[in-house]
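For reference, the structures are reproduced in the following blocks.
Two complexes follow with subunit A in common, the first pairing it with subunit B and the second with subunit C.
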Partner chain A sequence: MSEAFGNFATRVRSDRGWWVAIAAIALALIYPFIVETLQDLPLVGDFVPRTGSMVVMLVFTMMAVGLNVVVGYAGLLDLGYVAFYAAGAYVAGWFASLQFAQVSFHFGSSVSNEQPGIHISMWLVLLLAGAFTLIVGILIGLPTLRLRGDYLAIVTLGFGEIIPQVVRNADEEGIGFDLTNGTFGIAPIDSVAIGDFIFRAEPNKDDLHYWTAIGLLLFTVFCCVRLRDSRLGRAWIAIREDETAAAAMGVPLMRTKTWSYAIGAFFGGVAGAFYASYKAGAFPADFFFNISIFLLCMVILGGIGSIWGVILGGMILGYLNIEGLATIGSKVQDAGVEFDPTKYQFGIYGAIIVTMMLFRPTGLIPERRHKIELEEGVHDTPFYDVQTEGSLTDRNPSDE
Partner chain B sequence: MNTAVVVLHRVRASSLIDAFGLLLLAAVLLFLLLKFFEDPVRFLNVGIIGMTNGAVYGLVALGYTLVYGILQLINFAHGDVFALSGLVASTMIISVLDIGTDASVLFIIVGLLVTLAVTVPLFAVINATIERVAYKPLRAAPRLAALITAVGMSFIVQNVSLAIYGVDFESVPPFIPRTAAIEIGGVVIQWNKLAIFMIVIPVLIVLTWFVRSTRQGKAMRAVAQDQEASAMMGIDVNRTISVTFFLAGSLAAVAGLVYLLQFNIRYDTGFELGLIAFTAAVLGGIGNLTGAVLGAMLIGMVQAFNEGLDGTPGGDWTRSIVFGILIAVLVFRPQGILGERTPEGA
Partner chain C sequence: MATPVDNLLVADKVRKEFGGLVATDDVDFTIPRGSIVALIGPNGAGKTTFFNQITGVYVPTSGSIVFDGTEVVGKPPHAIVELGVGRTFQNIRLFAQMTAIENVLVGMHCRLKGGIIGSVVGRPRVRREEKAARERARELLRYCGLPRRHEEYAGTLPYGDQRRLEVARALATDPKLLLLDEPTAGMNPQETAAFTDFVRRMRDELDLTVLLIEHDMKVVMGVSERITVLEYGEKIAEGSPAAVQADERVIEAYLGRGAAA
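This part shows the complex of A and B:
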């Protein structure tokens, strides 16, 4: 886990830290060339993930970094992030597959023009997916973000439950129009391609997707770092620390929160679309509540609000999920113990969440500011008062 | 800005939202009225199914609302405690007591009481332990911390069920007959449905008595209103919170048994049922005990009507409808149906 080490080092906020980050990125880029050597190492060799697994780990890490914008920066608990993942994957299904075979539309795609359906270049589809989920995020956010934290959590959870069910039911039988192909999902989805160089058709397709995923993650991290230091990012942190004080200082609560929600959604959508293209399909069974918790767990393990921490948390948990637990399980079973950790993976994630919250709530790589908040406490008054208003108090004319 | 303009602005915005909400509600009621006149017998039969489902939801919803009232915490683990209690009850009934379809009425009654005598204290203690271990250390932390911990606890409890009972559904033999106990002009209440009310109603009466009239109940209401002030008045806040979790756990255990009498249950049943029950608690007005039961009845009815009448979206959409209601309530009337500030509410 070369990156992980590098990220850990960047926590030292100095120029040297940035050099380490660059070295880590360079190491990450050559990973496909050294993976076989690493796998031949004695003892640890079995635990080195394949490049294909790394792609999945990177995709989930990217989603975790997106979720971190909502949970970490703005302090809004989102338990329905899976909805954006699903939305992104289905946008890829709509605009780059045979799903709508009744029309034929090609734009910049490597797919032959004889094929029916909408085929747009996957790069554009990634953007489209981001834009679509951004709008979904705003639509979900507008009615719900005025609610207090724990209510918001439950509403996002509700959306996280509704959207997969809608996806499962939105076929000919369910709504009279085949939008999502029901329980079968949409497949095949076109591959990422540059001109006629189709990534999926190449023998080293995992490596190509891996580099693309690294690029997407770096893009996400870049955006998040820049956003964090922007006016908007500072407004998010102000809201996280003290909503009332932030409002008094003239931060428009609704708009600021909605932006955090929408931007978090954007990255979820892009990651979802890329993942759908990598595995060539969008299937409703992939989108269930546990994914939202899994992503949340990455954020908490790494450190709420800390980008490097979230990347570390994402890579660790992503690894455990895709390969690690199975590898550990087979080692344990070789040793003669009947225990299958993959069966209890969500129990393990739950235990990680509880342990972290109780003993190290700031995560593996704490964000400095968040650490102070947790240690010294913040003013955490509910911003919703039935007694005096009979409605929500942040319905402030300047927001509308 | 001028105060009058602000007030006007607020009135206009809120009345528009309210009008839309009422319109939605009116449409649903009109639909139900039409359905009632189309086939009253079927409508009422479906309604009874809804009420029995609602009774189970109500017991679970009370657990959410009690805890929320006192700690302002959504105890996500509650639904999973409920599922585990149902599984333990199935072991009691099948393996320990071996109640079969040929059992005598007395044996069934005694058997169910014995089951409750085991599961109720057991899960009361488990629930209170969860609070002590996972939530108590976080009482001073930001609310988000406790909420996230509750989600984690939910997964832990769920996996405990998985480890003990595996992925199979557990069910008990239908020892309470499905024959009609009461029949009025085609509207039937079966024995197994009646039995559920015979369990749930006394429990609700005892709970109401406990919260209203006992010293400990008064302490609970006081702590729900103001923790610091009650501590100054000499109330042991920690103990009171433990008692609340104790109570919630007992209700979950009763709900587990009642659920088991109608449906089969497995390790992840509690997750979705917990969400439905929480929706019910919010619908009724979270923190309000009567509201939780009322909300649960309404949700049970909505579910039954959706699945049992023609012209509705049908069972595939139940979950979406329930969560749609949750979102609509939070948008249109976040304080719920009975949402004035009650002594239990916070």
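This part shows the complex of A and C:
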């Protein structure tokens, strides 16, 4: 353990990034206490997000970090990530609401035993949702991940549409059994609670959810960093770099890709379940295709493959989506201009992405590997054929 | 079939058709354990296609390839690597955005066991394995002539070092049979000579069997104990370097009709 701490300490000392991360975490933890002070600041005060908005931003960021495992590490373009978000939310609906009122099952839940339906402690439900979506990820992944590149993207797009449609129709009329309550969705969903202490019942309900969301995001980041630096993470990046070479070096393509898909799905499921619990409902209208694209934009804006980048990208787009554009819009209108940016939100996100691609294609905080590629033009240098004999001898003499 | 026990690889009537094109035409081929065998032939003779069938990249249209007692036809590439077939590529295919040492570690993938949960919680066994793997990777890099620059991205290494790294990565898979696809392409004469010695050294020190595709006849004649010549997917000659050099069909294939006379 002391060795691990030693490592960590050296990293903190040697790497400015870690200091920034620690400062950011500390600041994030005290945010609910300082938010009102910040909002009172002149000029910028109006742009400070409410704690409740922060919860939503964090949930979406968590999903973006999960999606980054698929898109960033393994290089698999997934356009249907919303399916896992939906699956997670409905698991919360099944195991922590009145949905299955024909049975009564309570386990560790703060909900009164009188109430019908399945009520399992939300903490367990989060885990269940993760496990369920992980399995969904494997089931979707096995047939689709045989495809490469664009074909894979198209099929994931299909699944991203199928699952919300299933959810919309899996009711009495649709399948003869009310699984999802159709277009009405499942509500209310139980809140997160510790013992009988229900988070939502508190006057500062957002604060507790906020800290929980921070905890979940940190957990996601921790897992992703550990996985990235593991044997599996190396295999993901090898596949992203050159699938054929990876296979020829003993990396099982299907298994490795499926794991990236399943692990990405896991975090999407947990985030979905938590969000459903925070909003106290799972509604089919929330699970549209544009969410998948929105999450992908977060990853691209922040920096594909870069965890810190994706967090930054997620928070920025999340903020614009939930509060920022509206705030900007009201400012603009106060200035007497008739323009409502919320009407053009996807146009604005699109413009952001285009601008990024033109001026900073590796994202706000690029992954170290990509940075090298762009700065040193790795792929512009032919490896073979074009190199003359001279190039073999003009290596730096100090290397010998 | 009476397979002599000392053959590490036995290919029997291996045929690969791409549409109407027969890339390898019922090629019979054996590699004695511990030998250095060369596969030569003019461009487009089917050498690399044959390599790709041994390594599982292509599945032969018909025929069988038995490696160390196991039929490998139909097995996916990673399973064949696990059996002990390592390879390099004709046009270097390193993971350009991974460091030299990471490239070698990917080569060790199938020899390591660290799982998902173990990696996330940092189980001591996984940590130890990872540490040992890194040490072994450095050892391999040094062995292949890369004493430094282990933390540099493979794509930024000089060409010669990239070639060395490819060999190190192939050795990391812990192969019994090492396939080298034109390993000296682009090397100058001194480097080629050094590499030839290195191939022999690897064979002796690492208990390897080596199959190489090569165009440089100096290398082929200098290093290999047996040579197989392919032309238009057909095996036209096989034997010791001296015998192959004297073979009329080989001279014809390389120099054209009439040259042998």
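The working rule: the second predicted complex is superposed on the first by the 353 of 400 C-alpha atoms of A that agree within 3 Å, B and C clash if a C-alpha of one lies under 4 Å from a C-alpha of the other, contacts with A are read in each partner's own complex, and residues count from 1 in each chain.
Throughout what follows, contacts are C-beta pairs under 8 Å (C-beta built on N, C-alpha and C of every residue); 3 or more make two chains touch, one makes a residue touch a chain.
Small disclaimer: the values here were computed from a predicted structure and weren't measured.
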Per the contact definition in the header, classify A:250: touching subunit B only (first), subunit C only (second), both, or neither. second
Applying the touch criterion given at the start, work out whether A:296 contacts subunit B, subunit C, both or neither, answering first, second, both or neither. first
For A:237, select first, second, both or neither according to whether it touches subunit B, subunit C, the two together, or no partner. second
Output check: A:263 vs subunit B and subunit C. Expected answer is one of first, second, both, neither. What do you get? second
Which superposed partner A:336 touches (first subunit B, second subunit C, both, neither): neither
Which partner chains sit in contact with A:158 here, subunit B, subunit C, both or neither? Use first/second/both/neither. first
Determine, under the contact definition given at the top, whether A:353 touches first (subunit B), second (subunit C), both, or neither. first
Please work out whether A:150 is in contact with subunit B alone, subunit C alone, both, or neither, and reply first, second, both or neither. first
Looking at the overlay, what does A:42 touch: subunit B (first), subunit C (second), both, or neither? neither
Please report the subunit A residues shared by its interface with subunit B and its interface with subunit C. 373, 378, 384, 387, 391-392, 395
Applying the document's contact rule, which stretches of subunit A touch subunit B when the two form their complex? 75, 77, 79, 143-144, 147, 149-151, 153-155, 157-159, 161-162, 165-166, 168-169, 174, 289, 293, 296-297, 300, 343-344, 346-354, 357-358, 361, 373-374, 377-378, 380, 382, 384, 386-387, 390-392, 395, 397, 400
Which of the residues in subunit A come into contact with subunit C in the complex? 4, 222-223, 226-227, 229-235, 237-238, 241-242, 244-253, 259, 263, 369-370, 372-373, 376, 378-379, 381, 383-385, 387, 389, 391-396, 399
So, in the complex, the side of subunit C touching subunit A is made of residues 55-57, 76-79, 81-82, 87, 89-98, 102, 105-107, 109-112, 114, 116, 119-120, 122, 126, 130, 148-149, 153, 155-156, 158-162, 169-170, 172-173, 185-188, 191
Residue numbers on subunit B that touch subunit A, as the complex places them: 1, 5-6, 9-10, 13-14, 72-74, 134, 137-138, 140-145, 147-149, 151-156, 158-160, 162-163, 271, 275, 278-279, 282, 316-317, 319-320, 323-324, 326-327, 330-331, 334-335, 339-341
